[in-house]
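Next come two complexes built around subunit A: one with subunit B, the other with subunit C.
For the complex of A and B:
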């Protein structure tokens, strides 16, 4: 009997402990909205999922049932003011030892970086209550890892998170900065990759602007930002004559030709000596540079290679459709594609000799594919003719033999 | 042939030279005396000859392929690709080899079923039937071993499944699997084994058994239909084996050659379920393709084993199936001894029904194999 009583007590112990530990949710759920109330949202919050409780952030004794008593209880912090939020979160997130225990993969420099950002400078310097603090981006009670699909910082959600303030013209009016970034981004090659192709590798706001240390990229640093992904183009541009000229004229490196948020898919039409080429926006006839001539020559070289590639593809497709063995030509065609990409990339060097050399090599290769594919198509017809002749010959033999057998048996 | 001493043409002289040494006259006289029955099912007599003709095409094209084919995990696929794309008429030789292989299996099946349904296996042709069964087994082994040789993705996974089935046999299964694969897995060592089997062991055995099969046929002649047992002699029609039947055989071979040429040129990679595109190289670490299927002539067995439940009584489903196939195959092979009625020249409803069941089973299971995949 004693044993049974002991087991009963032991089995009820967790319930007793739970009841003592957290009354926050029990009370708050009585009056909060199921669809958006913090006590309901919190179940999707990474802190709760990791075992923290309401009291770990807000303080107070969660075992108490009376709210007034809770406010009077130990460590009560309640709801922090907008200006206090960074420090509120940094209590843990800037504590390297504590974070190492909880989640060693997370950095602990968010507050330091935040202070260097436009947001942080305005919040701490000008006590601006409108600028973003931690919860503006991470939400209050549904904070989740950026890899979690419902997280406000997940790549698919982040542009909307930033746009919440930055696309609101009224809200942003006093800051004097544009509010069309989100619209532009959505239509851009990056936005298309993200929203239409669900390509999580596509850059979102923080990939160029940083996250906690969010800053607009400066003139000198923009090619470094774009060059994080477009390394080859950035490298070629830095060594090109344009790099110095842009710097002298205060033109941002990549942005001048490709724009910033509304970055359209680049095409061969961007290079040339007439509209819609971007070269004509700076260069003009008689401006004392070779700009337009070089642009025209580059455009011609790339166009010639692109056309040769298209013709090679068409010939290759025809050979494939005819059931010919085209493996070698397909490999060769991939080289042509690679050479076209390399030539287009080389445009960022604005070195006409190099571009012409590369384009010519690609053109020769494309012509080789075209010639070989045409040979395969000829081979196809040769086979058909050969078959026709062989079939005719065998059929004649059959007829002759049949006639001989008939004669023999008659 | 005019081979009288008065005839001094070069052909006659050559004939006489051989005749003096090998007594050809006696052979020619024997051949002239041979006759072939003529009746409503005579057409089936040609399928043995068609199988033989296609086997010869196999040997000739196989020898040509051998000149460029290189067995091995690092060279098999590449050498087949080289044959198709770089060797003059290599594509045609490979295509002829593949088409003639498939047509030969089809001809062998038709030959076998026609012999079965006409009870041509009956005494005194038991050994012709048994040697024919052995040749069928060898033909299937040719197909199975040849399928892996290009070392492409489909061949690799189909061979893994096929050899894996052997592993299901209790006790000795694992040993058979290791012997077949040359190890636990399908690797370059498996190609070596299958290659040796395909180009040396199987051709050697086939030549030996085929010689016996043809010798039996020549000595015993074509089987007459069962209903001829009670037919008066004047109602039985015959044609001379030489030259009439031989010339007709030649005619059929030419028609088959024509068909083969058309198929090989128009469909060099096969068509429909009979296809052998080279595709991508085998990668043992790649996930298997969505559809793994054997050659069409193994499909009935593959599908039947697939449809069996995991366990039948206490026996594993696959094992149960293999057991049933073994028993069925034994009955089929021993039919000349089991069908007592046919030995007496009487038709047997039981064995005809068994034959119809087997034929229907093969057709239905093959069709289901392609429909359900």
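For the complex of A and C:
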């Protein structure tokens, strides 16, 4: 009897499942494009993956088959207008209690921050339908968290997500802001690290501008923004005499020398008393400061160290290529590299004495590597000469043996 | 004629003996050089005995010292809790040397503000991977460092 009951229950199960079927997907998949239709895209959406359904956002009764009836059914919200999207998403995302049930680690302040952003201010204040709302950045039906590789907010995709509007000169025309940020970023040291080296630690747009509360960093906050990663440079600069001078002249801290989006890989040519050094953009002969003299001395010290490092590298590479045991020198060379990095970083203090001391110490270490590597190379040639000599001796011995045997035979 | 033969034989004998000696020398010299330990030695990778003690680490301003483990640079430091720990000292982001920051309670890379906890876990900034932990054995005041996988 028990077995019959179980069979009955199992045979009825498909009917129960059918009754709960999401008719939204069933109908929409009939007429939507498999490549881009929302009902197909949605399988990669975090909301569906977490068990939510179309009706959880759009409202309506998903068990109904007639669309007109669905529109009349409970809680129907349909497709929100551009201006209504933030509230549409915030219905859940600003509800701390609800979000705690779904994902306790997710913040619930996105709407609050969005209202402080340029996007939010224009959307709510000027009813601007062109500014970004939630779905402009997160997409509509393929929303995924920023760690998901196909997400529009994944670091590798985010620059293009912002560029979709910000690099479109026609679209941005009425706002009067530049549209070359993406081009600049792509060529920058950060863009290169991200796109060419796949370094996900490289900053993308939102690391400097914020995401939901996106704003251009203010004058005072630039060194804080850059200092998040370039902490040492920011600390040294803040204590340097330039910090006050920049502030008094309304020069943004890092940007004045390094630019903003097109931040090129800094080179030693940036420091010095003549072009292309950035120092000459403010300092000139007889300007009443020691600026150009200090710049020239810093440039010389760093150049001397960089050259010594390159020579040490060349000598070390030669010793490696010759198969000599270079473990200690490679190890010592790493110290030289570290000292070069530290000296270059110290430039942000503009303290000549400290820079000269550090550069000299690095130079001595580089010369040590070069001398030791040269000794290893000498050792290699000594071995080669030894091998040649041994070959000569062996050949002579063979010849002598041959002559001796002939003599014995005769 | 006999004299001539003798001197030619003598010459050949000397030539042969000298050649044999030189050959022997050219074989024995590399053997001797191979047996003599080289001036530059590579640390044994299975274990490293540090030439400083815990007190030396405590005596440093940031309670940390660097050591060379084979081809790697390591950092040994003393935590707030007085525990001695050792990690690889090369940042996993762009190979800078990390440092102990007792004021922040972290291992810090000054190049891009990369931060690691005392177990080597990357906790903030760009480093993509943790630092590797070394095993420390302190026997009668002498510190021995080894790798977990060694």
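Some points to look at:
We adopt the following convention: the second predicted complex is superposed on the first by the 361 of 410 C-alpha atoms of A that agree within 3 Å, B and C clash if a C-alpha of one lies under 4 Å from a C-alpha of the other, contacts with A are read in each partner's own complex, and residues count from 1 in each chain.
As a working rule, contacts are C-beta pairs under 8 Å (C-beta built on N, C-alpha and C of every residue); 3 or more make two chains touch, one makes a residue touch a chain.
Being a predicted model, the structure only gives us computed values, none of them experimental.
Touching more residues of subunit A than its counterpart among subunit B and subunit C is C.
By the document's definition of touching, both partners, subunit B and subunit C, reach A:404. Of the two partner chains placed by superposition, A:177 touches none, neither subunit B nor subunit C. When the two complexes are overlaid on their common chain A, residue A:394 makes contact with subunit B and with subunit C alike. Of the two partner chains, subunit B is the only one that A:384 touches; subunit C does not reach it. In the superposition on chain A, A:245 contacts neither subunit B nor subunit C. Of the two partner chains placed by the overlay, subunit B and subunit C both lie in contact with A:327. Contacts of A:310 after superposition on the shared chain: neither subunit B nor subunit C is touched. Contacts of subunit A with subunit B, set against its contacts with subunit C after fitting on chain A, overlap at residues 325, 327-328, 386, 390, 394, 397, 401, 404. The touching residues of subunit A, when paired with subunit B in their complex, are 323, 325, 327-328, 383-384, 386-387, 390-391, 394-395, 397-398, 401-402, 404-405, 408-409.
Chain contact summary for the complex, subunit B toward subunit A: residues 81, 84-85, 91-92, 239, 243-244, 247-248, 250-251, 254-255, 257-258, 261-262, 265-269, 278. By the touch criterion given at the top, residues 199-202, 227-232, 325, 327-328, 330-331, 334, 338, 341, 345, 386, 389-390, 393-394, 396-397, 400-401, 403-404, 407 of subunit A touch subunit C in their complex. Of all residues in subunit C, those touching subunit A in their complex are 8-9, 12, 15-16, 19-20, 22-23, 25-27, 29-30, 38, 40, 42, 68, 70-71, 73, 93, 96-97, 110-114, 125-128.
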